[in-house]
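To keep things simple, chains are lettered A, B, C and D as they appear, and every chain counts its residues starting from 1.
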């Protein structure tokens, strides 16, 4: 019985991982359209796009194996990152220090994006890749520090343990706020989409990708964004609703996670729609500032605040 | 009289679909491709040749800046072809402005996209007038002759005896004038001062 | 060098179409004392002036020796009293069929007193060159405003600007053969010879990387090729290869179009400011035919020009927002703009390319119900734009990208003869609408408005200038509706006088548009030279780009509201004269078949 | 096209256009038309695109760039849409030296060849100068099989007067039958262009001619026409139309007098040739 429920939850989680992200993008596009007084595409649109891309052959401008492999590796990383997160009371892949693994696996999506961009001879791909690298290099330390705050607060590096053991301190509240910022930046939403800036570097690292490979990359990026948001939502809500000890309660929590994720996406879309893209140097400056804020929070956490 | 609306009132009443229905609501998007709409009456759509009225004078061809209207001559078969191609038309409506018969009709058609350019070609083939005297085709069409007769006052037609002479070539006309003069006045007038062109064309 | 002095032993003074009617051979003193500065110039260059005349109201021409050309241009451009005077552009003409000589003629917009419409005037400095040696000392060596025009006449007419700092090809395609000059009278307008591709890019300076932008680049809506030389992401230098939209417009008119048809070609120089070109051309022809068009036509033209300015400024704000990734700004700017397009569609029949003009007046009337529509839309636009600007100018990220970026100092702006809002954002107080409003084809002398000027010179200032102008335009439209006189809307124009010259100009939303027209025989145009504002603004862009970030490049380029199609039209309409080598259709086919294999 | 396409990504290339079409293509994305709701998205890179929107008459300088963009697209489906008159046929610039046009008559053939079709095959022509957003929407809708094609080519044979049609495309000649001679209509129509413009003149002139016909039923047509025109103003409030009507009235009687003394005047002027 226990295992059936667990498997059930895992299945639901996997379904969510695979099916939800493109819908979330559909919601975002719809919300943006509404803010712009447009009707907007149907919710399924991102699915249609992906489906079409998967059916198209790819043009390969280079013989490099990396070029072909990068999208699949990115997708694999994104999926494994999503599998490390809790769905209800179940974490599909659960082991001792999976926060660290989550951190790295998510990072790998960007790394493969950069590698893919660098594997071709195209000035804009290179600029895009460089920008992505700059973005990642400045925001990741911040995220690491924040994870540190959470881990210190809960005394564990396991996501499930952290969720179970978090206790409210001023530093934790601040950490939540800065984490929201950091994850937003890492997801590459406007105004931090400098790497894929359409008008400036025409698609950036994705510039040379087409057809199926491009579809896989987009899918990976959608899943990555979903994973980051799901992670944030879980971290934000689950510690405060008490122990999850019955399947009913777990289902409730899963529903809560789901609803919050879906609800957060329109907010993100609204933020995207009402902002202009920043320049990479401005982004870097902001990230560095936030990094110092992160250090202060870490200090506070050590002080026990 | 009172029941029908005046010209400007009719124009005034026309309102854009989107303005009527959607100006106040948040998504302002038109439902267009899923419904049928109309462009405003003032819209300059592609012009269309009315073959009932066209006389093939070529005034539109002279006015057309991008050569969307071209006149092709085929004297062997005694026809001239007025071809209009909407793919070249810039919709300046100069042809509508200069057409003497109102055959160039302005429309507000806008649904003209096509995958085959043949769909955009409109041809009107005119029969050229035939000079019985010389056995040659003239530069103008039989319709042009008819139209000239319809426009000109009777006095002018009588004066130049257009009824018989308009369908002749320049040479035949000259010959005829000289003959007629010889009949009436003897050989008193040299032919050249008497040559006066028949129609307006 | 053979000077024009040898060719022209005497000089004469001639005046045409002054207020008193036609008087050939008017008194020199009278002409020269009509405007401030003419006499002074005459005294300074007495030795070298062959002839002077008044072409039409407010347009004066001096025929001078070619060797003093740079000095004469600089005399005017750097005039200590007339601060805003600038070299507008120049015209090169092949007048060999007429008198066996080539002509190079820079002309200047002389601003005696900014916005005093009765004082300012145009000065043409005409220099003849013998057919076997079409060369003249380069003005560009001393004045960057002449950089492009001299490259252009070198390309299209084969003139040789002696001492030009950068004599590379500017306009013709890269596979165009050397030694074929399309604007010369002995070339057929359809003749399109092919040759090897030859690119002349500047070498990448040491220690920099090359970032090519374009020809097809999402950041620039039109094809243009910018080569940015960058260190890291900072722009060190820029090379530009544009003229992808060079369509041979001037030559196209040759033999094919009559003066009324040219009007529609002029409108299609640019799809954005087409009506400005149309009005400028019509004005030039009306001026040389010496026709005063009816007041109602002038009002309707002005009305359409202002409506065009309104929707174009909104368009530009949208594009700028789009370029910084602020798509909501783009969407809303264009949503606000849409009612103007609908209005224009109902007034003229089309959303762009109004086809409203005819030489001598306008083609459609503004009936009463159309006036009501206009007022309704104007009111709506004013409200919505205010709301929109409140939001857009408070969007932090948007301002962050626009402020302090792409600064163009006043001095540079002046040296490059930068025009329009770009110039006004750098503190230049110029606006042809007010500077030369008397006796034009428009009614700007009868309405009241202000010309906004900012001193900062950055992208944000350019945004603000345009927004201020937008509100002024709305106000102008209301005045025009209010004051619209009755009467006819056009006068028929009969035959045009032969070989007369005149200039037509308007202030487009990008700056002054200038059309120079010289008539030929049989109601055709012998030479038609178009100068769009972007032609003067674009050479200054490298100056704005230097030292800024690559990411800012599209925004800075867009901040001058560039219009490559305007700039890259090919000028003129020429008439086939006796000696022209005409290719028959068969020869032509041969050529095209022959060259088909090349690509 | 068969099955309805649900997602089309579009890359836009300017082949030397005047900008009008480019702006309209952007306009279709704006809120009132919102192309995105049909699943069409404009992408910045030809590699990502399924369709190419081409504007402009294909200048020689842009043709290499266009070719490159076309080849950079994935080999399937490579839909090419020519937006605007220039892209459909070379437009007003069609035979200029700066354009790339290799058609046999350099654009003067029946199909008016020219523009991008010289180097790439085109799937959809959207003529217009520039095509308004509705026109572009219609073209795209046709591509997505939402709308049907409406245009078809016509070949009319204009029959000479007094012949009756026997085949479907033969058309007989009709001169509008009016009690008032056609020449009044023609002259007034031309003059009205000066007063009220070519667009409004047809309606105004038709109204006026109806009044004239009515007036001639009366014994004193001059006064009757004046009354009728004044009566017409009760219905038609527009000041410009009023001006035009009064102008027509004066002009009509001027012409009337002129034509009626025409025979006399002509005989005076050409005493010899008259009747020859």
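Everything that follows uses one rule, which is that contacts are C-beta pairs under 8 Å (C-beta built on N, C-alpha and C of every residue); 3 or more make two chains touch, one makes a residue touch a chain.
What you see is a predicted model; the values in this text were computed from it and never measured.
*Asks:* Comparing the two chain pairs, does B-C have more C-beta contacts than A-D, or is it the other way round?
*Replies:* More C-beta contacts join the chains of A-D.
*Asks:* Could you tell me the distance, in whole angstrom, between the mean C-alpha positions of chain A and chain D?
*Replies:* The separation of the two C-alpha centroids amounts to 54 Å.
*Asks:* Rounded to the nearest whole Å, what is the centre-to-centre distance of chain B and chain C, using the mean of the C-alpha atoms as each centre?
*Replies:* 37
*Asks:* How many angstrom lie between the centres of chain B and chain D, each centre taken as the mean Cα position?
*Replies:* Centre-to-centre distance between chain B and chain D: 14 Å.
*Asks:* As a quick test, compute the distance in whole Å between the mean CA positions of chain C and chain D.
*Replies:* The mean C-alpha positions of chain C and chain D differ by 29 Å.
*Asks:* Can you list the residues of chain D that touch 2 or more other chains?
*Replies:* 31-32, 34, 37-38, 44-45, 91-92, 129, 132, 193, 198-200, 237-238, 241
*Asks:* For chain B, jot down the residues that touch at least 2 other chains.
*Replies:* Correct list: 8-9, 27-29, 39, 42-43, 65, 67, 90-93, 97.
*Asks:* Identify all positions of chain C at which a residue touches two or more other chains, and write them in rising order.
*Replies:* Correct list: 218, 256, 264-265, 268, 331-332, 335, 345, 349-350, 353, 363, 367-369.
*Asks:* Using the contact definition from the top, classify how the chains connect: line, ring, star, complete or other.
*Replies:* It is complete, because no pair of chains fails to touch.
*Asks:* Help me check something: in the complex, which residues belonging to chain B touch chain D?
*Replies:* Checking each residue of chain B against chain D gives 1-2, 6-9, 18, 27-30, 32-34, 37, 39, 42-43, 46, 49, 51-56, 65-68, 70, 83, 85-93, 96-97, 100, 102, 106, 110-115, 117-127, 141-143, 146-147, 150-153, 155-156, 158-161, 177, 180-181, 184, 189, 194, 196.
*Asks:* If you look only at chain A, which of its residues touch chain C in the complex?
*Replies:* Touching chain C from chain A are residues 32, 35-38, 123, 127, 190-191, 193-194, 197-200, 202, 273-282.
*Asks:* Enumerate the contact residues on chain A facing chain B in the complex.
*Replies:* Residues of chain A touching chain B: 33-34, 37-40.
*Asks:* For chain A, which residues count as touching chain D in their complex?
*Replies:* For this pair, the touching residues of chain A are 29, 33, 36-42, 45, 48-49, 51-52, 56-59, 198-199, 202-203, 206-211, 214.
*Asks:* Where on chain B is chain C touching in the complex?
*Replies:* Its residues touching chain C are 8-9, 11-12, 16, 19, 28, 39-40, 42-44, 63-65, 67, 90-94, 97.
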